[in-house]
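Shared between the two complexes below is chain A, which has chain B as its partner in the first and chain C in the second.
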Partner chain A sequence: MFNSLRMSMGWVHTWMGLVLGFVLMICFFFGALSVFDREIDRWAIPDTRFEPQPMPSFDEVLKPVYEQLRPDPVDMAATERRVVGSLPDPETLELESLFAYTTHRDPVLLIGGEFAIPNEPIDPTDDHQHVHGRATVNPATGELLNDDALKIGSDWFYPMHFSLNFNWMMLGYWIVGLAALVMLAGLVSGVIIHRKIFREFFTFRPWKNLFRSSLDLHNMTGVVALPFHFFFAFTALVIFASNIYLPVTHTTLKPLHEHHEKLEAARTGLPHEPAGVPAPLASVDAMVAEAKRRWAQRDMAGEVGFLSMNHLGDENGYVSIYRAGSDRVALVGEGIHFKASTGEVIREEPPRSAVSSIDEFLTGLHLQHFEHWMLRWLYVFGGLLGAVCIATGFVLFVEKRKARHAKTGSQGSRIVDALAVTTVTGMVLAAVGMLVANRLLPADLPGKGQWEQIAFWSVWALAFLHAAWRSSPVAKARHNPAWREQSLLLGLLSLSAVGLNWITTGDHLIKTVFTDTYWAVAGVDLSLIATALIAFFAAARLRAPVSEQKADNALSRNKQVNAYD
Partner chain B sequence: MTETIWLIAAVTAALLSMSWLALAYESHWQQVFPESGTLPNRRRLKLSAWVFLLLSAVFCLNADHPSMAVLVWVMLLAVAAFSVAMMLSHRPALLKIICLPLFAAKA
Partner chain C sequence: MNSQAALQTTNRIIAAILGGYAFTWGFSVLGITSLVALGIDFHEAETGLSLIAFLVFLGLFLWAFAAKSMIRVWLVLAGGAAIMMLIGTVLQNSLLS
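The block that comes next holds the complex of A and B.
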């Protein structure tokens, strides 16, 4: 079928890239937004626009908050289907374990826990016998925050980039995983088919024709950020490998896994099962102080990132305190475990092994717990370079074929072009449209988060319909005016988001940058303005002669470039 | 504060390094000096580029924990290379500033 390695690699690169490129656009763009997910949350939930705070006192602030925590109704319903009989009144269920999680960027604290249920499972091997509860707390006051407010950054854009927010049978995760794998194949095949990887390292010639200049940009954005592209696709697979993509510990090796859990409990002294004997809770603040003292002793002074308790109210109960990995590429770690009833140390986790350190570095470089604003922006830039690389790939696909398709009457390039508009400008429109909806809908609207999600999908669907409707010139080897129209709309929408934020909250840029500095909101506003400027600039450039390029021009372009033949 | 200074130094070194690496190619040299009739001294340019590449890594290591410094460095190189490519295509004359005469060889 193919005469050379380069040709066969070209085929893989073109077709795999096309099919999964649409998914990769979502991963790169929403991944780039996820770098600042907490900041987007602040923008979307104005009640939480205050400074990040360390983990508050458990004894004084958090303990009463957990008493207000209730089981999640959605999880109640899901659990009810898996157990014999009906579940007791959620008000009567008691917590058997709990956690609190915060980072150096969080003004609010995420808490949660598992409520014990007395019911037997329908499937005897089902050991997931509890109902979850989750809440967001203002750590300064200990007050529970409105559950209805969707954290657009951390609960919508962030999961979008690894699950497409498509949770049925976890299909979204699998599609993204496949896309990450294809991304790796795309990088390898791309390097093989690229003829002048070093000589054209710095080459971008916007004055050349659309095909050539897009190819320059495609190659350049792919090559200069090659390590970033490679490591993010690779670590994405590493992060989900053990629990989603290759879950052997919960399938084939389940008995071994459970046996190991018990042996580990015996080895570490952290009880696997409750004793059944009630016991009180000693001062957790004293345990936190002891943990901090021990970290400082190891020359790793730090704050608490994660706190959890198991077997609550039981003699076997224990408290685990983990250090936040803000000052290095790490996750929460250096765990110290205390006996809940007495506060004595049961176990201090030893330093990580070499393998575990590598795993932590690979996962940590993707999950970004670190406190380093410049590196965060560099990551955003890397993500956007990835998006540009894929978007220019779509342009190449269309430019290479549209003249031929115009002759044969094929609709192929027209369809790809419409989908490209949808996943480039349409996707950004959906994200910005959601922010606009967030500012337009009243804060106390019941189910506001649901309406925001509807707005997100509706804008995206409309962008697709518009792109498809306007795409007929592509079938005649011309340019789709939807690119320009959506760019214009994006510019207007981005500016209106900034304006609406000012009108509805009083937080304008002079205030958030100069008089009462709050960078989380200022950063989102400034990014929206930058988006608007780029969109208007793109719209202005798209008015230029490209739309009137003749089909024979396109034909001659095809002869110049044969990298993908 | 010292971290910021080290990081600014790292950014500067990375930009210089990438600019010199680009100018070592005759095609890019021509973009910056279209009428000078000189050619790039490729050895000098490349040597300086590699030295500054290493220097920027050292500056990153001075600023942060090594696990973070390596990421900052790799990302910085990507941004620097992209910036140089964009300068070459839009404002090549900007690169004249950092290109000392000692990098030019007679045509």
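The block that comes next holds the complex of A and C.
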């Protein structure tokens, strides 16, 4: 079918890149926003606009909070379908394990736990026999925060970039996984097919038109950030490898895995099963102090990032304390495990092996829990470069074909152009529209988070309808006016988000930058203003009409560049 | 694109995605069991393979489009997957016995 390697790689690059490119836009854009997910949370939940705090005292602050923790109703319903009989009253279920998690950027603390259930599973091999509960706590007071307040950054934009917030059958994850593989294939095939064009670039005078400049930008963003793009797509697959994308050790190799778990429990002394004998809980604060002392002794003094307890209230119960990874690439680590009933150290984790170090370094570079603000911004720009690379790919696809399609009466480039508008300006409109909805809806509205999600999808759907409605000029080899109209709207919407933040919370930029500095909110506001400026600039540039001569150029150029489609 | 070309393209896409995935799966099963048999820690082997697996998948994915013969592609992908799966599970059973 393909006559040469270059032809086949060109096909993969063009068509796989086009189809999964719409998904990749979402991954790169929302991935870039995820770099500042906690800061977006602060913007969206004004009650939590205070400074990040270390893990509070367990004995005094957290212990009573866990007593208020209840099973999540959604997980109750999901678990009910997997077990024999109906579940007991959620009020009566008891915690069997718990965790608390914070980072150097979190003013609020995330806590959660697993509630034991007496029911037998319908599928005997199903060993997931508990219901989860989760809550957000103000670590200063131990007060539970309103669950209705959606953390737009960390609970919507962040999962959007790896699951599309489409959790049915985990389909969102699988689509993103395929997109990541296609991103890798797109980079390799891109290098192969562009070898020749690279030479032409120096030989011929660059065409000063949309096709040529888009191609230049496509190559530039693709090549300059190639290691960055390759790295993120690759580590995305590695991060979810053992649980989602390649769960060999939970399926084919499950027997070997379980065998190993039991051996490891015996070796490390961390009990795999509860003893069935009730036991009290010793002072956890004393364990935390001991863990900090041991880290300091190893010359790596630090704060607690993750604290967990297993087999709660049982003789075999143990407490695991992990150090926050604010000062290095790998995530939490240096775990020290204590016997819950006595507080004695059971196990101190040894230094990592070479393979684990590589893995933790790579995944840590993707998940970036370290404290380095300049690097965070570089990540944002890297992610946006990826989005530019894909968006210019769409433009190339359309520009290369629309003159030919106009002659043959094909609707192909028109459809692609409408989808490109939807996933470029439409997507940003949805994100900013959600922030506007967040400021317009009253804080005490029941189910406010649901309404914000509805606003997000509605804006996006409207952007698609608008793009499709305005797309007919593309079929006549002209530009879709939706690009300009949505850019204009985006500029206005971004500015109104900044204004609404001021009106509803009193936090304007003079305050958040100068008089009462709070960079999380200032950063979101400044980014919205930057978005508005770029959107207005784009709208102004798009106002220029396409001359007849340029359309002719596009036609003649077509003969030279449609080698592989 | 005529119907025969469409069929060939579909064949290549299925081979690249599903065939490549099956081969990668078998490769991981055989890789992990082999490393454990050589005395390497289970989680080390699991992590090591997850770092290699997707590079193998990427290579297979591109090869399924670049290869001249689709018969060879399917022989290697499906056959390789089946053989590695078989050896891997036999190895697992002998490790557990």
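One rule holds in what follows: the second predicted complex is superposed on the first by the 537 of 565 C-alpha atoms of A that agree within 3 Å, B and C clash if a C-alpha of one lies under 4 Å from a C-alpha of the other, contacts with A are read in each partner's own complex, and residues count from 1 in each chain.
Criterion: a residue touches a chain if its C-beta (ideal position, glycine included) is under 8 Å from a C-beta of that chain, and two chains touch if they have at least 3 such contacts.
Worth saying up front: this structure is predicted, and the values here are computed from it rather than measured.
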item: Contacts of A:Thr141 with chain B and chain C, given as first, second, both or neither; value: neither
item: Which of chain B and chain C A:Val248 touches, first, second, both or neither; value: second
item: Which superposed partner A:Gln411 touches (first chain B, second chain C, both, neither); value: neither
item: First (chain B), second (chain C), both or neither touched by A:Thr342; value: neither
item: Contacts of A:Phe381 with chain B and chain C, given as first, second, both or neither; value: first
item: Contacts of A:Val188 with chain B and chain C, given as first, second, both or neither; value: second
item: Which of chain B and chain C A:Pro227 touches, first, second, both or neither; value: first
item: First (chain B), second (chain C), both or neither touched by A:Val329; value: first
item: Footprint overlap on chain A, where chain B in one structure and chain C in the other make contact; value: none
item: Complex contacts: residues of chain B adjacent to chain A; value: 7, 18, 21-22, 25, 27-28, 64-65, 67-68, 71-72, 74-79, 81-82, 84-86, 88-90
item: List of chain A residues in touch with chain B within their complex; value: 199, 201-206, 220-221, 224-225, 227-228, 327-330, 361, 364-365, 370, 372, 374-375, 378-379, 381-382, 385
item: Touching residues (chain side chain C, partner chain A) in the complex; value: 5, 8-9, 12, 17, 24-25, 28-29, 32-33, 36, 41-44, 46-51, 53-55, 57-58, 61-62, 65-66, 85, 88-89, 92, 95-96
item: Residue ranges of chain A in contact with chain C within the complex; value: 1-2, 5, 8-9, 11-12, 178, 181, 184-185, 188-189, 234, 237-238, 241-242, 245-246, 248-249, 252-253, 255-257, 259-260, 353, 355-356, 358-359, 362
